[in-house]
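In the two complexes below, chain A is the common chain; its partner is chain B in one and chain C in the other.
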Partner chain A sequence: MNLSATDLCLTVDGVDHLKDVSATFVPGRLHAVIGRTMAGKTTLLRVLAGLQGVDSGALTRQGADFLKTPVWRRDTAMVYQQFINYPHLDVFDNVAFPLKRAGLARDEIRRRVTDSLARVGLADFERRKPSQLSGGQQQRVALARALARGTGILLLDEPLANLDYKLREQLRDEFRTLFSDQGDTVVIYTTTEPAEAMMLGDVVLVMHEGRILQTGSPQEVFERPATTTVASIINDPPMNIFTGRIGSGQVTVAGFQATHVSAHLADLPDGTYRFGLRATDVGLASAGVEGEVTFVEISGSETFVHVAVGETPFVVQIEGIHDVALGDLVKLRLRPERLFAFDEEGTLQRTPSYDLTSVEGR
Partner chain B sequence: MRSRLYPVFKYTMIALWACFVAGPFFWAMTTSFKDVNGVQGGATYLPWLQYEPTVVGWRNIFGGAGGVDVMRPFFNSAVVTVAASAVSLVLGSLAAYALSRYRFKLGFIKNSDIVFFFVSQRIMPPVVLVIPFFYLLQWTGLLDTVLGLVIVTVALLLPIAVWVMVDFFNGIPREIDEMAMLDGCGPFQTFVRAILPNSLPGLTVAAMFCVVFGWNDFFFAFRLTFTEVQTLPQAVVALNSSIPPWWTLSAAALFGVAPLILLALRVERYLSKGNLSGAVR
Partner chain C sequence: MTQLDIVDVGHSYRSGAEEERWALKPLRLTFEAGKTYALVGPSGCGKTTLLNVLSGLVRPSQGHVLFDGADVTALPTRARNIAQVFQFPVIYRSMTVYENLAFPLQCRRWDKARIDAKVRQVAEALDLDDRLEQPARRLTADDKQLISLGRGLVRDDVAAVLMDEPLTVIDPQLKHSLRRKIREITEQFGPTVIYVTHDQYEAMSIAQEVLVMKDGRAMQQGTPEQLFEAPSSTYVGYFIGSPAMNFLTLDRTDGHVTLGGRPLTMAWDMPEGTTECQVGIRPEYVEVATEPGPNTFPARLRDVRDHGPQRVLVMEVAGGLVRAKVPREDGVPASEEFLVRLPRAKALPYADGRLVLHS
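== the complex of A and B ==
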């Protein structure tokens, strides 16, 4: 029942949309594909759905060549980013459409449509046209249609991206319940938001420039990002990535004494490294790495201070509202025990171990 | 910026245009209720006051003595127009859907070239086409038959249908096709169940163009039919003898445009509502 992709490649106009993409999608699990825009997430879904061909590679399901199966026989449902529904059909008929095509009995269709509309909270909207619904409701209709069929594969292409913030959070929470019992369905969900991937995914696949950079459980990917790129994609705000030197027990960044070398980095030979540090693990202090404030975002409960240290941008996330002006010179305190160390190519070397925090505190 | 005179100017222009458009109809209408005396008395417009209205013209076109029977030509025109429009709409939407959704390539010929090829049929002067059509129909024995005229009319209307529908289908998001396929529809089912039901505005415009062009065609009917089959425009022109019976001619002409006026009134609902926005861009 697995859906297996092997070395899928697709190049369009010299740009790699998919590059050696290999992955195994397992029934009953939700696979969250996270990546920035243009990372190839949508292309991957379209290939899995059969809407897009590939240059090379293989796709198999239950041992059969899935690439040769036409779209309408792939037993696949898809929810698009842009709430796509049949404009001429009302909500009920929209959800019933695939069921009718599948030749189900009338009573069964009615039962399933009613059931799945209730699941997405649209029970009273059966006779409305999609155009009479809000964006969030339209997306629920699309979702209900995808769920009602009980297909073997369910693809969701950034289903929350075009919704406003409040609705996005609400639907995301509902998704946890909706997808908690997917039985034999392979669920693949793409997103640009780390929080969505972490909350919903049983498995997280990190995509960048057509490649899958890392596959693993949310915890694994979050705590052990394989490369600097993964680290930056999987964190919001993106993890601060900067070059520094380890030498005589000290970490030096841009010529400043940044911090001492914490225990988890102690066995690394002296030399130049790429470091990663989450925005929450950088603070403003009276001594440390000096930089100039380039931008300040205040969300209310938090303040995001963007600081340029030479050419390297930092984001500092601090609680509460802070009065920092553009152009101010500030000093950054880096929490030594939270440093991720990568080699100069960006491959992970050392990761902070969270139970070390208490040791450091002493 | 806009002066207070603007509304005055606007409505004056509209009134002038309305007169310009409605004038000939009014002229034909008054003439159709005249007889020899009414017509020869110079330009008169007001019945009872300036001339004595009679229905002799109208009686003539429905088989009255000394007139013609327009019912047979009317019927021929209706059959040719409806049949040719229907065939053009069916074939035209199929072709247009294919041209809108699939990519064709034959050497240097691509989709846009094929669309242009269709439209170019209407750019060409009809005179160029009528001779080959004549020989084709002669060769197939369809000269002077309703079927022959239907086939030729399809050739005239198909480009319009294709042109309007390609544009319309291009405006329907591809995602709807894709979703229909994911929902279990093959290519043809996708077209019939997901796209066509959403194409009513486009089909309406295409149908309107087809019917108007088909109904108004005089030239091809005139050249390709003779005695057996006569369409309404031919019948009207045939009345134009050395001393034209203007009242009969006017009645026949009005009778001829009546269906189009009724059609326009029905379709106007769509036009004024803006339901066709995106249908013809």
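== the complex of A and C ==
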């Protein structure tokens, strides 16, 4: 029951929306497709759903040509970023609608609607109208409608993007439980947020400019990003990437004092590299290289300080909320033992050593 | 820039409704001159009503609005000399960017040279100086919002800039840069800014002070740091921060506060006679302990959530759920049962849902 894509290509007005996309989607697993806006995520889902054709490539399910399967035979449900419900129908009828159209028996419809509403935590909301629900509840109705159909393929296109951060956090937690037992449904979930992909995905696919750059477990992709682009996409804030040199046992980065080459980089030949360092591995310190604070962002519980060291921008992540003023001069300390090394083309060469021996996720 | 005072202002959209049902329960607030404030809370919390009271769009059922001490409660919007930025950009479609920015000054009959200097200064700050001659309607939504903001900033004497969810129609990828722009510009020009949003992230990033609202009440006003470190109620502890603050119910045994039968010392003491005692502690401050000691408690691991650079451990402690945020390099506890430490300085006492004041 695998859904397999091979070399899917789609060009619109000279721009690659999909470029050589190959992937195998497996029943019972949640595939988190992560990428920035316009990476091709929605296009991929639309192709899988049959709402969009391709220029070339193949799509098969159980050996059958899925591209030739009409939309209504694809056994697919989709949930959109902008939650869509029928405003004149109450919650029960919103969820029941596709089941009625499919001609299911009344008892079966009631059973499925009740069951799927309970799964999304809306058991007591059957008689409410969508307008009487919060954004998060409306999105849960849309999700319940998709679940109730019991399709073999479930596509979720950035379902949390339009919710504020507290609701996003709550639904992310709920989704983790909801999707923990998928039976034999293929679930594909797109997002722009690394934490969401890491937390929900059994498999993570990183997309950029129509291509799939890397596929692997969340742990693999996070700890061994294949390229600087993947490293940037899978980290929030994006991983700091900068140029430096390795030579005579020293790592030199413009503006910073040279440091001894850490063990994990020791066997690399001398030369120029692109280095990556997560925002959590750059610190504000009492001594170090001076930079100017260009912007400060505060998430729920972290402070992201953007610092310019000469021409090179750095982001520093500090736990907790701290008051740092724009224009302040601060000192940065890089943790050399945490450097990712990429070659000049951006291909991964070495990862920090702890990642290789790290405690495996449970 | 002007100081805005809200003196015993309350508002009900329906006359005769009991106070408990008012959209805005009577409250007193001061917005200091030149500071940026964010009003944040879920829909229906009263933040928009409060903004409309400040702008003059809503005449409050009771109380007074003061601008630098002068009572403006009865004045209409146009007499208050405020600038407003709404959810949807408001621009003069037939005018160029330059004309849009110059318009409020022409209405004030400034001379041409002074208008020109001011428009160019503001346009430069907004990064619109290379597009001054373009028709404003051709700009993207985020640049149009900058024009709305710029029209307020060109007026040196503007009392306050009021912004109502100005990032609503902005593409998620551009929100970041527009937020940054708004913060930079308000710091440069220094007007009093009141910014309404439902998004905590946005509120904390933009404002010097945040006012958390719920059910028509002001729950807490403070710097982002104060809201994070010492939320005045369990609600603010939940609303600000991700994951939310942990709260665990405490018992009193022989005059001592205990958690699951073990003694707990908090940052300061819980008063006698409190009915519902809780300890509040942020997930960032919960530590995995290697050996027993003061304030350590047995924990049972329920789930591990991988957020990337951090992991969130979800565990059961003394019958309640506790989340701890730990650096990825610390790994995951090897066994399901282990110890956690709640550092005394970060364990705050809550009585009946309110932070106990430090005496």
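Assume the second predicted complex is superposed on the first by the 327 of 362 C-alpha atoms of A that agree within 3 Å, B and C clash if a C-alpha of one lies under 4 Å from a C-alpha of the other, contacts with A are read in each partner's own complex, and residues count from 1 in each chain.
Rule of thumb we're sticking to: a contact is a pair of C-beta atoms (placed from the backbone, for glycine too) under 8 Å apart; a residue touches a chain by one contact, two chains touch by 3 or more.
What you see is a predicted model, and the numbers here were worked out from it, not measured in a lab.
> Can A:Val71 be said to touch chain B (first), chain C (second), both, or neither?
After superposing on A, A:Val71 lies in contact with chain B but is clear of chain C.
> A:Thr252 contacts which: chain B (first), chain C (second), both, neither?
A:Thr252 contacts neither chain B nor chain C.
> Name the contact category of A:Thr114: first (chain B only), second (chain C only), both, or neither.
neither
> Contacts for A:Phe97 in the overlay, against chain B (first) and chain C (second): which applies, first, second, both or neither?
In the superposition, A:Phe97 contacts chain B only.
> Pick one for A:Thr24: touches chain B only (first), chain C only (second), both, or neither.
Neither partner.
> Should A:Gln182 be classified as contacting the first partner (chain B), the second (chain C), both, or neither?
Once the two structures are laid over each other on A, A:Gln182 reaches no partner at all.
> Counting touched residues of chain A, say whether chain B or chain C comes out ahead.
Counting contacted residues of chain A, the larger count belongs to C.
> Given the touch rule stated above, what does A:Thr312 touch, chain B (first), chain C (second), both, or neither?
neither
> Identify the overlap between the chain B-contacting and the chain C-contacting residues of chain A.
Overlap of chain B and chain C footprints on chain A: empty.
> For the complex, give me every residue of chain A touching chain C.
36-37, 134, 161, 164-166, 169, 173, 176, 192, 194-195, 198-199, 218-219, 222, 234-236, 278-280, 295-301, 317, 319-323, 326, 354, 358-359, 361-362
> For the complex, which residues does chain C have touching chain A?
Interface residues on the chain C side: 42-43, 171-173, 176, 179-180, 183-184, 187, 198-201, 204-205, 223-225, 227-229, 239-244, 282-284, 303-310, 325, 327-329, 331-332, 334.
> Could you please specify the touching residues of chain B with respect to chain A in the complex?
Touching chain A from chain B are residues 173, 175-176, 178-186, 189, 193-194, 197-198.
> State the interface residues of chain A toward chain B in the complex, per the touch definition above.
Those residues of chain A that touch chain B are 49-51, 70-72, 74, 76-78, 80, 82, 84, 86-89, 97-98, 101-102, 145, 149.
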